[in-house]
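Given below, in the form of structure tokens, are the structures.
After this come two complexes, each holding chain A, first together with chain B and then together with chain C.
Let's turn to the complex of A and B:
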């Protein structure tokens, strides 16, 4: 018998839906995970306690989660601001490398005695400019020749990777430390290191959260932001209203590139403390795209999504050390993230079963999915 | 690490998981096995031993079942386990350099590890953890930053690569040998030089074509490189790191493959020639003995054949007895000090004398070599 799944928007919802649905999804994810863990011969309670202990239980664990979330927030914002205008910047990874290259150049070129605030400001500015310029390499062809930015930004990632590898492995560049047996970057002086807040959590997290609030204000409270969103909804209407789509495209991609690059500045200054291609190529830029999609391009949503993702990811080695196979660990982490994010759909929509004869009544559904049940 | 690395590894992982599952099912169906009872008595004896207070955690950047680098390290770790009955040895895998690695080192320390072994470029991921925990010992491959509780180690690949070169030089008919590598740096160049010196000892007409791929692991690019080398006439390919594509391409072209720290003699057995194998267990065991005796010495350790860090996989079916005899002679020569592959005169491939007549590169100085490629290598170190 063929029934229909009816998807309807919820309209205005209260806190019980806003918070209840994600919590329900989390419970569902943990239940599914428990079944998998039990099948794999592990104790689900012990596994979940370990996950909680290593990511959220106490300030030490929380600061470690926040440290891991810092670059994700920034690359997530980079993707989100572009997505608001329906411009798809897939180049966050490469822009991050450019930020790292630019910032480490400043850190090594300026005298080590430069005061830290001055040094870090210069690194942030040069790093952000490097990322913005890199993004403009895709933005200008997009604005003037309508070149597909998905292709160009993606391809620029590989060029940026090759550039960074060349600086460290392929040449005796300014960045490379000649005394290392395996090539790596010169160490940044103490004045170029982001001060620690607690343990390995550094002030990059403050920069990331300030950037999120600033972006939210820019997009929601300024006419510039209104224009960006209008162009995203309908470029033709925006053009008709006299908005310069070309200039906005370049501005948004440059801003997006600058944000991704600041993630690179934060990593190079707060974590790797030198241009280290091996440590920097951990797909932070690509993960930012996932973060933005899950946060539905809302800058304030990017922060909790990044923290959630970091909290799940940071427990990896602890879970392995209590005897859970790495494959099961990855499966569990993926399952929890996927289920909770998929659960977001039910915050804004309800799904019900309806017989074909009754589906004609009631308010019109946004979409109907035919399902053979 | 590099962008395109994930998917092939993931596939490999899934395949491994599937195979493991099947083997577990097969084992379960097989009923009771005498070896299981044997294993449990071993554990009972071990529990009574002294070493149960000593905890070792090994941190691997890839899958422990990658058949190469990480498998080799884990194999060395298992020998440590066998040498110190009851020792608490464990490992964590798929730990990427950067923040995840720092967290993994911290987790190992928090779990009470006495010794943490980092098997890849973790130098700056672990440096702060080591500084904050002076009572815990660390061994880190390719490290160099001096710390009182940290040992650095690196292997003299040249001792093994020379023998691989002898095999390649004697097997090639076209006199063209392919050698794809990831990046150019001292250790890689040194191994490539030793390999070529070995090739030219038995076959002075042969040339070695070095190809820099600019990736650590990328089967698609490696496939292209292997095919390009085969088309250029190469009938032997030796490689560093990398995947099994070289063996496949060489098997299709009736050529031979020389592996890198893995025994893949069962995979395309007709094409298999040889491979050096690393064994770090002697180093690990020495260091643990030193820690237990309170005589840990920080700093760099560099080991080759003499130190027992280099072994060889079984040779392929087409390697002649004559070649094997020569290899035995050279290995014996290195062990008793009568053979020195870097004895001058050695010319680089630009025609300059890099090691003069009567001189050599002392064993202790080799880890800093080489920023040149010997005569016989077609290829250049990327300029800069």
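Let's turn to the complex of A and C:
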């Protein structure tokens, strides 16, 4: 006999659904990953145990994970704030590069004797401004001509990438260290380097967490944030209520660009210590989009999600010691993105088995997905 | 004469435009049914890696293209389930395909025994026409110098135009993309139509990716497409969802891609990073120009129900 699945929209979405569904999706993604690993001839349990040990077991591993989570929190927040307004900033990657270029310029241009707090503040401000301006290149056409921001921000990523590559590999620019045989950036002076907390972990993590709390406050507790979310839910209603959608679009994208750029500042100042294109192009901007989707655009949710994805990423290099390719990291990230996206359906709908004899009576007609169960 | 810079660069632009054309054409068909699939870059990468493997195994260009296309279809069907059946946000679903496609293709490319990363191209790409035609002055290299797939691209444009505008199936597909509720009332299965159109889009992207590895680059590297899929997304908007204009646009982008080669031949020295930027700057400007265009018909060419999930109950 053929049963049908009954799909009904949920009336109220409780916290157990909003948190439970993404968590279930994460577990499902890990299960899929295990199946693929097993098919590729690896032992999935050993793989996951190695991943756990190398990323979350002990302070040394944890600090490495937190170091990688730092830029992810910032690019995740960048994507999340735009998602709140249903604006898609896919340009985190490019805005991050601009932040790195701007910050390293300040760090190299100011005298090395500048006190660290002053130096770091200047780098943060200039980096954030550079990223905000880069985002405005997409925001202004969006606000005035409704030019698709997904495409413009993406194109700007590739342009920014080539620009950064040119500064180091293609020219004798201010950023490039002429003494190094292999092209690379000039090393930042000690005063331009974010103080370390432990090993690779630096104070950028504090900046990132403060940014998350600030953004949560901004979006949830201020009228500006309320307006942003209203525009996201219904631009027409927002316009009717007298909100300036145009100005808000530009403000949100600029803020988003600034956040992604701060990730670049944090990387350049705390990790690479100079403009190093290869180290900076590790998909931090794109991963931020996964972070925002998994966190369902909640700024406070971005922090644990970033740590989780960073844990997967840090463990990648350790996997090679047991004969598994690093690429499995990207595979897992993709699977997580996919299952969480699919999970969104279960956040807004309930699915239950409807027996053929009972489906005739009861609630009003709902959409039914055929399934042979 | 056939060695002149102009002729060689036109011929190389035609080859470089082929992957963009296949991907854009597929996306036009997907979009015309009302489904937005931003995952072209991911589907191309899938097609590129699987097509390269198939080409190495069989030595056949056409098998590589078909298997690569099916790799794209596999990802596209995931999008169809998410976007059409589960009705999730199509933008997010499309982006997830990009990440899945790039992750999965890298995994396949490295994990094989032996790894595809070090593999040499096993496909011998041969021109379709005899050398008597290819050696004709000027038109020889431009019109007759290519392999079968380039001509298949042109045939696909003609077929797509004809099917979309002159057949019952094409009408049904457009109806689903413009006004799914009416199409549904007229007895057309919106879900089925959208699944098929999404799968065709996946095939186009996958086949384009396979052509890129097998016939143009000749090796597999992680993230090999380097933004070509996104250029195809922009091209669809630029072409106003019309196959013929996509052909012209693809040639323009192919020309920009081959610009470095041309300038090298002409001994003009432009930093290669700026050359790499060119197609993206062009796409950026073009998307803004189309949006800002006072020509309303052009701007409103987008299928009315594009990216809107259809639910019978929510009418």
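Here, the second predicted complex is superposed on the first by the 284 of 373 C-alpha atoms of A that agree within 3 Å, B and C clash if a C-alpha of one lies under 4 Å from a C-alpha of the other, contacts with A are read in each partner's own complex, and residues count from 1 in each chain.
In this text, a contact is a pair of C-beta atoms (placed from the backbone, for glycine too) under 8 Å apart; a residue touches a chain by one contact, two chains touch by 3 or more.
This structure is a prediction, so every number in the text was calculated from the model and none was measured.
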Contact-wise, after the overlay, does A:269 reach chain B, chain C, both or neither (first, second, both, neither)? neither
A:327 in the overlay: touching chain B, chain C, both, or neither? Say first, second, both or neither. both
Just checking: does A:179 make contact with chain B only, chain C only, both, or neither of them? Give me first, second, both or neither. first
So, A:63: does it touch chain B (first), chain C (second), both, or neither? neither
Quick one: classify A:158 as touching chain B (first), chain C (second), both or neither. both
Which partner chains sit in contact with A:316 here, chain B, chain C, both or neither? Use first/second/both/neither. first
After lining up the shared chain so the two structures overlap, which partner does A:278 touch, if you call chain B first and chain C second: first, second, both or neither? first
Between chain B (first) and chain C (second), which, if any, makes contact with A:293: first, second, both or neither? second
Would you check which partner chain A:169 touches, where first means chain B only, second means chain C only, and both and neither mean what they say? both
Dual-contact residues of chain A (chain B, chain C) 158, 162, 165-166, 169-171, 325-327, 330
Write out the stretch or stretches of chain A touching chain B in their complex. 54, 64, 67-68, 93, 157-158, 161-162, 165-166, 169-173, 179-184, 200, 267, 271-274, 276, 278-283, 313-314, 316-318, 320-321, 325-327, 330
Note which residues of chain A are touching chain C in the complex, please. 36, 40, 88, 90, 141, 144-148, 150-152, 154-156, 158-159, 162-163, 165-166, 169-171, 286, 289-290, 293, 325-335, 337-338, 341-342, 344-345, 365-367, 369
With touch defined as at the start, can you tell me which chain C residues reach chain A in the complex? 38, 78, 81-82, 85-89, 91-93, 95-97, 99-104, 106-107, 109-111, 222, 226-227, 230, 233-234, 237, 271-274, 276-277, 280-281, 283-284, 287-288, 290-292, 311-313
Can you list the residues on chain B that touch chain A in the complex? 1-3, 6, 13-14, 16-17, 57, 59, 63, 90, 92-104, 106-108, 111, 121, 123-125, 128, 142, 144, 154, 183-187, 214, 367-368, 382-384
